[in-house]
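You will see two complexes here that share chain A, one where it goes with chain B and one where it goes with chain C.
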Partner chain A sequence: MGIHFREVSFHYPQNQLTFYQAIADITLQIAKQDEFICLIGRTGSGKSTLAQHMNALLLPTEGSVEIFGSLITNKRDKKINYNLLRKHVGLVFQFPEYQLFEETVEKDIMFGPLNFHVPPEQAKQIASETIKLVGLDETYLKRNPFNLSGGEKKRVSIAGILAFDPDILVLDEPTSGLDPQGKIQMMELFKAIQAKTGKSIIIITHDMDLVYEHASRVIVLHDGSLIYDESPEVLFRRGDLEQFHLQYPNTIKVLSALRDRFGLDLDIYQKNLPDALLAIKKAVAR
Partner chain B sequence: MKNIVLGQYLPGQGFFYRMDPRTKIIGVIALMVAIFLLETIPQLLIALAIGVVCMLLGRLSIKRIAKGMRPLFILLIFTFFFQILFNKEGSILLQETLTISLASIGAIIALTILWRLLAKLRRFRFLLLLGYLAGVYFSLAYLAYGYTFASFVFTVYERGVEMSVFVVIRLLVIITLSTILTLTTKPTDLTQGLESLMRPLKVIGIRSDEFALIISISLRYIPTILDEANKIMAAQASRGADFLQGRLKDKIRQIISLLVPMFIIAFKRSEDLADAMETRNFIPGMKRTRISELAFGKTDILATLFIVSSLAASIVLRVL
Partner chain C sequence: MSHIDIRDMSFTYTGKRMILKDINLQIEQGEWVAILGHNGSGKSTLAKTLVGLLEPAQGTVAIAGTIITPETTPAIRKQIGIVFQNPDNQFVGVTVRDDIAFGMENLCVSREEMLERIAFFAKKVGMEKYLDKEPASLSGGQKQRVAIAGILAMQTGIMIFDEATSMLDPYAREDLMKYIRQLHQEGLTIIMITHEIEEALLADRLVIMKEGKIFADGRKEELLKQPEVFAQSALVMPLALQMAMQLDDEATFGEVKAFLWESTFAK
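Let's turn to the complex of A and B:
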């Protein structure tokens, strides 16, 4: 169960003669339970394309993707209910503007559950539960989604996916456009969802602090190829990340600068601010 | 979706590409007039031959042009049969009594089923359609067995056949002309040419430059909006609204879920564009300079000579 990529390549056709290869020869496995994966890579490296393969929005040009037992290949298979696959894997797009369309937030959150044949009464119930889950209160349910701020729209769009309770959550830059407080809240929400239900969560992001602090596994794409698939502890101990246009987390950058500037005996691999402070204190005391 | 070919423009070389769009626009109009002045099939065939020679000299692929004309094939076929059926001049070429009887209806049903079964062979679509029509005709003409519902006389006249061939060739030449124009001219060049040609209309209060700006902005944004529509469809599909599946009732709801975000994004984009233009000091009605000015070159002089002489030749042929 879960998602299994086997030598997947995808071409975007450009015109009759040429195509643009977005991802090439990718093989990876995502378990249904307890994964917290961050998908990183520079702009245009194929992250979003890969994410859209995870719920069969795009069909692989070559290779195959197995999603919860259904084998997705290049040809649309009449026996597979593609719509139902999307109930298993919920994908939140980067820009909420592409998703919101109803006149109230409540109706918009109910859109997903209704498409998957949840009774209207129950869908209403779900809407008022999920809106609280994403950090907004019930007064938002009656508001027009187009009059919300960018961060609020983002939360509503995430609620729209959470509402139909997918088995795996895929989020394309869920924290972009949120203030620092909102980012922390959002990440806590995802952690809480995972702690409660054990769902696997996949996040596309450019925020290395977030990757280092939360991810249990990092997948790095570069020019459409998968180059690293390992834990963040191993990844950020590598010295060659800059050649793939990737940065190191702020804690590592600051601590290594301090170590080099003052010659401290310092463990620079600290995942968050309190730990980093503790490490500095320890080093200074020595 | 990143590089959508708008219209039929296909990048290439050859003198058609080097020509000023104004020459091409006026040339196409003038040559169309010239074609309409021609009166006999041989004259049209000569015009077609000259056209083909020009295409070869301009290094255009005839296959590609034929491909561009494919959607208009139905129009050509329709015109052909229309002329044959309704033109009743000249001597009779063929006369046949067509009978709608039990046997012929049975045969037509059988043919239709066979035709639909063979529809998988898309390469031979056209031949199959012709075969089907011929089959229908023969079963009407010769299978007059069983109970007869009605019968009528079908006649083909000499002038009908002649006119149908004439009209079809004429349409073919005219479509080829406009295809060459759209195939070798970028939409932006085309609007620039039109703007330049319509400039004298300023006298009667039509502002061609504003018109051209509106057209070129719309052309520019078609691929962008399409791209956006795809993203919206993907976002809604991931909430269980797959546009390829579902019943009619669901489909209507899915279309609304596509249209609302699309309008909102389009409005927002146009406001952003207006702001961006104003920050770069765009003032409506002011004269603007261009990066690429239209230039009238050697090829254009040759082309003008060719166009004027063809027009003159067809006037002479008509008057004589």
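Let's turn to the complex of A and C:
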């Protein structure tokens, strides 16, 4: 088992007297291998809070999280190597600014490998390979990460996690701020990593097209509670998503508009453009 | 004289590499313009020159007839508000309330009026329950909502949104777009930097940047007939149009294609 949440709740302290419950009674399991999970839910529903439990950046107020065999609870346990948990589970933050702190991009990307005792020369080598994976060239290595554009920062922050090759990847809105072709390439990169290594990947996103096309499992949070944990096929056939401030993927929206306009016998549940085109051709032929 | 008038403008951060190269761009009062382009193409840099945060190396930027200089910048800032790409860059106050108030403080808004606007715009973005919270303790999308409320509350004639909705849920995004449309109908000039083509389609005019230059500029109906322009600038066409273009058999799919085009622009 990779990560196992058991009845986890988390409270942010508000002031001395009160607290804010960001997630409530979450139970869920994530396998080490072959999961492609999207974690979705409206603004403030608790997604980033949940993600930060996956590598013990936050400790549960109640309940426990088992991460690669280590049982994480409210109390810090001296026997647990928390640093090592981060090698198991790599987390890319929602805001790259929270993750970038060195004076060059190269040092930022090398930080993870060095932290996990990769020799400096090899870490340097890894940095120049990884920067290219995220769509930037090697000239960026000498740049100051704070003087990059928003999308460039995002790419560097993703490179910084890929560089130390964690066993599971948790990515908090990894495509927000990327240009459209960059977004497609980044998803292809994640897919390729999974195809090659089998690593489980968890992505937080508001992009329903991405969810429908790529996820094998979708977890939906609402007001801190887990309300659905199912396949995208099941989720997007539900009629009640708007009440949770969610939406339907574009393929479904466009196909259902076509179906209604022309009274076509059209299967609207298509995940990508080629399948959608096939469905239209079939329906028109009928 | 255009409302926003950029002439032969170039910009460099370091003194060496030019980031914006010879930009000419005129935007009329009441226009809604979407700015698109690959990461690092210069969109945010351009936006910052429009509010006098960055000074051109060459050329000029004028707002309503006044060229932006260090002397004119304070007056210009009263006419043009910007939501930054990273909301943290906008937060200075201890509470959400302070941050929404901040932009209004230089605008000679009376205290009463200010309180009214804070209440109104906090509600508009769904953050009315968070007014006493610290901005640092908000979720990503909540931060963006607060940053947006701060600019809306300034009620400037020109508003720039630099990827201001990138972390909003689809529902919140739609809600905000409805409101921006209303502002547009009231005559405001809207500049929206975005990677979301569906969002850009709400504008009348698309400006596409590439490597520090304006690569394409025109009405969306015209630009969308040129898929090569999109392909060359890291963009992707709206899904419905991709479908229409690939259903090439006119005799069979004519009506379907026409509908796909219409529905793309019927927003």
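By our rule, the second predicted complex is superposed on the first by the 286 of 286 C-alpha atoms of A that agree within 3 Å, B and C clash if a C-alpha of one lies under 4 Å from a C-alpha of the other, contacts with A are read in each partner's own complex, and residues count from 1 in each chain.
Note that in this section a contact is a pair of C-beta atoms (placed from the backbone, for glycine too) under 8 Å apart; a residue touches a chain by one contact, two chains touch by 3 or more.
Treat the numbers as computed from the prediction; the structure is a model and nothing was measured.
S.K.: On the A-aligned overlay, A:K132 touches which partner chain: chain B = first, chain C = second, or both, or neither?
M.R.: neither
S.K.: Could you tell me if A:I161 is touching chain B, chain C, both of them or neither one (first, second, both, neither)?
M.R.: In the superposed model, A:I161 contacts chain B only, not chain C.
S.K.: Counting only touches as set out at the top, which of chain B and chain C does A:F116 meet: first, second, both, neither?
M.R.: In the superposition, A:F116 contacts chain B only.
S.K.: Tell me the contact category for A:E97 with respect to chain B and chain C: first, second, both or neither.
M.R.: both
S.K.: Could you look at A:L246 and tell me whether it touches chain B, chain C, both or neither (first, second, both, neither)?
M.R.: Second partner only.
S.K.: In the three-chain superposition, say which chain, chain B or chain C, touches more residues of chain A.
M.R.: Here the partner covering more residues of chain A is C.
S.K.: Now for A:Y12: first (chain B), second (chain C), both, or neither, which partner does it touch?
M.R.: In the superposition, A:Y12 touches chain B and chain C alike.
S.K.: Touching A:K191, do we find chain B (first), chain C (second), both, or neither?
M.R.: neither
S.K.: Is A:F146 in contact with chain B, with chain C, with both, or with neither (first, second, both, neither)?
M.R.: first
S.K.: Can A:L277 be said to touch chain B (first), chain C (second), both, or neither?
M.R.: After superposition on chain A, A:L277 lies in contact with chain C alone.
S.K.: Do any residues of chain A touch both chain B and chain C, and if so, which are they?
M.R.: Residues 12, 95, 97, which sit in both footprints.
S.K.: Could you list, by residue number, the parts of chain A that touch chain B in their complex?
M.R.: Listed in rising order, the residues are 12, 14-15, 20, 52, 55, 57, 76, 81-83, 86-87, 90-93, 95, 97-102, 111-112, 115-116, 146, 160-161, 164.
S.K.: Along chain B, where are the residues that touch chain A in the complex?
M.R.: It is residues 1-3, 5, 228, 231-232, 234-242, 244-246, 250, 256-257, 260-261, 264-265, 268 of chain B that touch chain A.
S.K.: Give the list of chain C residues in touch with chain A in this complex.
M.R.: Going through chain C, the ones touching chain A are 13, 37-40, 44, 85-86, 88, 137-142, 145, 163, 166-173, 195, 197-198, 234-236, 239-240, 242-243, 246-247, 252-253, 255-256, 259-260, 263.
S.K.: Under the stated contact criterion, what part of chain A meets chain C in this complex?
M.R.: Touching chain C: residues 12, 41-44, 47-48, 94-95, 97, 147-152, 155, 173, 176-184, 206, 208-209, 242, 245-247, 250-251, 254, 257-258, 261-262, 273, 276-277, 280-281, 284 of chain A.
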